[in-house]
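Order of writing sets the labels: A, B and C. Residues in every chain begin at 1.
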C-alpha cells in the first residue's frame, strides 16, 4: 500500500537537528529577503546561501532535480512574457518577426525567476529536513488543537491512498466495459463513473474512520501532554530573533538606497 | 454475590434516522463480567447495531432514536460521550484499513494514539503500548509503517490500539470477516488470551465453527430481536436459528448423515457423534 | 467455448517483485466452476488481472474463450469476462441497484430490451430483485457485494471471475453463492472463484487450481486436490470441514465435498 508523501529525507546535519521553529523562521526570512532585495546580484547571493545550506543537509542533488523540473518551465515563461510585453521595454535583444524580446523585460523576468528559485529553495530546505510528526508536535505544543494536528498528520497519508483508490476504480470500471481513452465524448461520459466512486468510497471510509477514532477517545478535552521535546536552546532562540530582525533592517536599507 | 453486569439492555429499541422500522429491539439482555458471548444472525439482524448501541455510537454518532435502557457498567450509555467510554470499553470494526488513524507512521505510534488522546503521561503511554503490542504479538513489527502490514496484522494492530486503554469490555463487529484463515486464527488466539485474563467479550461473527468452539454463550439475533440465548449446542440446535443464522459445518455434516437431533456443533463433538 | 488457456506467461511488477518467473505459467482451464486458492502473495489476483488485460504479461499468451487477450483493451474484454472485484465501493456510483447493474451492458451498447431482461435475471440470481430501486449505498457491505456480482453477470459473459465473494457473507449469502456458482456452471460458463474459504471450494467448485509462490502446484478435480498433504501445507491451505472430519474418523483418502462425505460415511462399518 502507498505509504505517504513526505519530502523528509533522513539525516543528521545541523539543519536536521535544529528546532522546527528555527528552520521555519529561516525559511520565512529567506523568502521575505528574496523579495525585498533590490537587484539580481543580491537575489543570487541569497540563492547561493540557500544552495550551501541544502548541501550541508545532504539534499542538494535532490533539490536541483526538483528545481529544474519546477523552475525551467515557469522561468522560461516569465522571461518570455516579460521580454515581450513589459511596459518598460526599450532595447531589443532578440527580434522575433513582428514581436521582439526586449532587454528590460528579459532582465525583469530573470529577476522574478531568481526570486522564485529562492522561495522554492527555502521551502524545500524546510521540508527536506523536518519530520512531519515533529512539525505537528511543535505546532500542538504551541497551542494548535489536537484535531488540527490530526489533520496535518493525516493529509500526508491521505493523498497517496486516494490516488490508489482512483487507480482501483479506473480498473474496475474499465473491466465493466467503460472506455476511458480516445474520443472526447467518451472521456466526458467516463467522468461520472470514475469520479463518483471516489467521492462515495471516501465518504464511507471517512465515516468508518471517524467512528473508529471516536471509539479510541479522539477529541477528548484534556490538557496536552508534551510527548517529546525537540531540543531547543537559548542560542536558537537568539538566532530566530536575529533572523527576524534582518527584515526591518533590509526594509530600512531599501528606503535608504540599497541597490 | 451480585456482580454489576458489564452490559444491560432492557426493553431497548433503536431506529436509525429516516427509517421506518426499528433496527434493534425490543431487546432484553445482560452480559456479566468475564463472559465471552458470540452474537450470530443473518445480515441486517441488528448485530452491528447492537454493538453500536452498547458503545454509544447509536444514537450519539448516527442520530436516530434509542428507547429503553442500554447500560454499560451500570450507567446508561447516554450519560457519557463515546470518546470517554474508551477508558473501559472498546469496539473493533470489520475493516482493518479504515481503523487506522492515518496520522502515524509507526505501529507503536499508532497504538499510542488513544492513550495520548486521553492525556496520559508519556511514561504510562509507553508502558501501555508495550503491553498492547505484546498481547497482540506485534512486538517485532513495532517500528514498521502501518500500511506495510497485512490485513490480519492490521486487524491485530487495531485491536492493540484498543487494548492500550485496558478496556474491561471488548466488542467485536465481525472482526475476521475480511481476513484469511491465518489472520482469523491469529486474532482468535489473542481473544482467547484476553478472555483468560478476564476481559468481557461480545463478538459478532459469521464463522460459526469458531463461535461454537470459543464462546461459552451464544446469542442469536433475528430481525432485531433475540431468537435464542444459551450454550452453543443449545442455540445452534434451534430450528429458527438454523433457518436464519445457519449452523456450524460440523452440525451440517452430522445432519447429512442422519445423526441427531441434537446435532454436534464442534469438531470434537462431531467426531464423537459420528464414531458412535 | 468457455475456456482459459495460458501459455508460458511470465509477469513481474518490477525487477524486485517477480510474480511468475521463467518458464512462466502454463495452464488450461475447462468450462467449470473453478476455485483459485493459495496464500496471500501467491499470485492469485495477479493471475486474474492477466486474464482481462488489466495486467499484460512480459512473455507468453493468454486466450480467454477463444479471444487472445493481447489483442484487446480491458474494456473490450468486458463482454468476455464479467469481473466482480473484491471491494464493491470501487465501482458503485449509480442511484439505484438496477441502474448500477445495467451499467455494463449499457456501456457496451446492448439494446434496451436485452439489457432489461439480462438485468432482471442477474438481480434474481443474486437475491436483489426486491432491492432493484434501492440506492446501493443504503445497503450494507455484504449486500453491496451482491450488486457487483450482479453487475458482472448482466452482460451474459462466458467467463465470470469472482474475487473473494464469501468475505462478510452470512450463511444465507454463502448458500446463494453456492447456488449461483452451480447455476452459472450449468449454463455453460466458466466461473473462476478466488477464495480463501476452503469449505466453499469443496462444496461449490469441481475444479481447483492451487497457486503457491508464483507456481501452479495443482490444477485438477477438487476431489483430488487435498490428497497431497505436503502440497496443502506448503500452499498454506486448510482441509475442508468434511475432509477433516472424515480423516479424524480414519478415512484415507479422505472424501472432499458433501456428497463424497455422505457416500463414504454410508459404507463405514457400524
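Here is the rule we use: a residue touches a chain if its C-beta (ideal position, glycine included) is under 8 Å from a C-beta of that chain, and two chains touch if they have at least 3 such contacts.
Everything numeric here is computed off the predicted structure, so don't read it as measured data.
Asks: Which chains contact both chain A and chain B?
Replies: C
Asks: Please give the pair of chains with the highest number of C-beta contact pairs.
Replies: A-B
Asks: Compute the centre of every chain as the mean of its C-alpha atoms, then state which one is farthest from the centre of chain C.
Replies: Result for the farthest chain: A.
Asks: Could you tell me the distance, in whole angstrom, between the mean C-alpha positions of chain A and chain B?
Replies: The computed centroid separation for chain A versus chain B comes out at 44 Å.
Asks: Approximately how many whole Å separate the CA-defined centres of chain A and chain C?
Replies: 46
Asks: Need the CA-centroid distance for the pair chain B / chain C, whole Å please.
Replies: So the centroids are 30 Å from each other.
Asks: Give the list of chain C residues in touch with chain A in this complex.
Replies: 49, 52, 54, 73-75, 77-79, 81, 83, 85, 87, 89-93, 103-105, 107-108, 137, 151-152, 155
Asks: Using the touch rule from the top, collect the residues of chain A that touch chain C in their complex.
Replies: 165, 168-169, 171-181, 192-193, 196-197, 200-201, 204
Asks: Write out the stretch or stretches of chain B touching chain C in their complex.
Replies: Residues in contact with chain C: 41-44, 48, 94, 150, 174, 177-178, 180-182, 206, 208-209, 244-247, 249-250, 253, 256-257, 267, 270-271, 274-275.
Asks: Considering the complex alone, what residue numbers of chain B touch chain A?
Replies: Residues in contact with chain A: 55, 57, 61, 82-87, 90-91, 93, 95, 97-105, 109, 113-114, 116-122, 145, 147-148, 158, 161-162, 165.
Asks: Please output the residues of chain A touching chain B within their complex, sorted ascending.
Replies: So the residues of chain A touching chain B come out as 1-4, 133, 146, 150, 153-154, 157-158, 161, 205, 208-220, 222-228.
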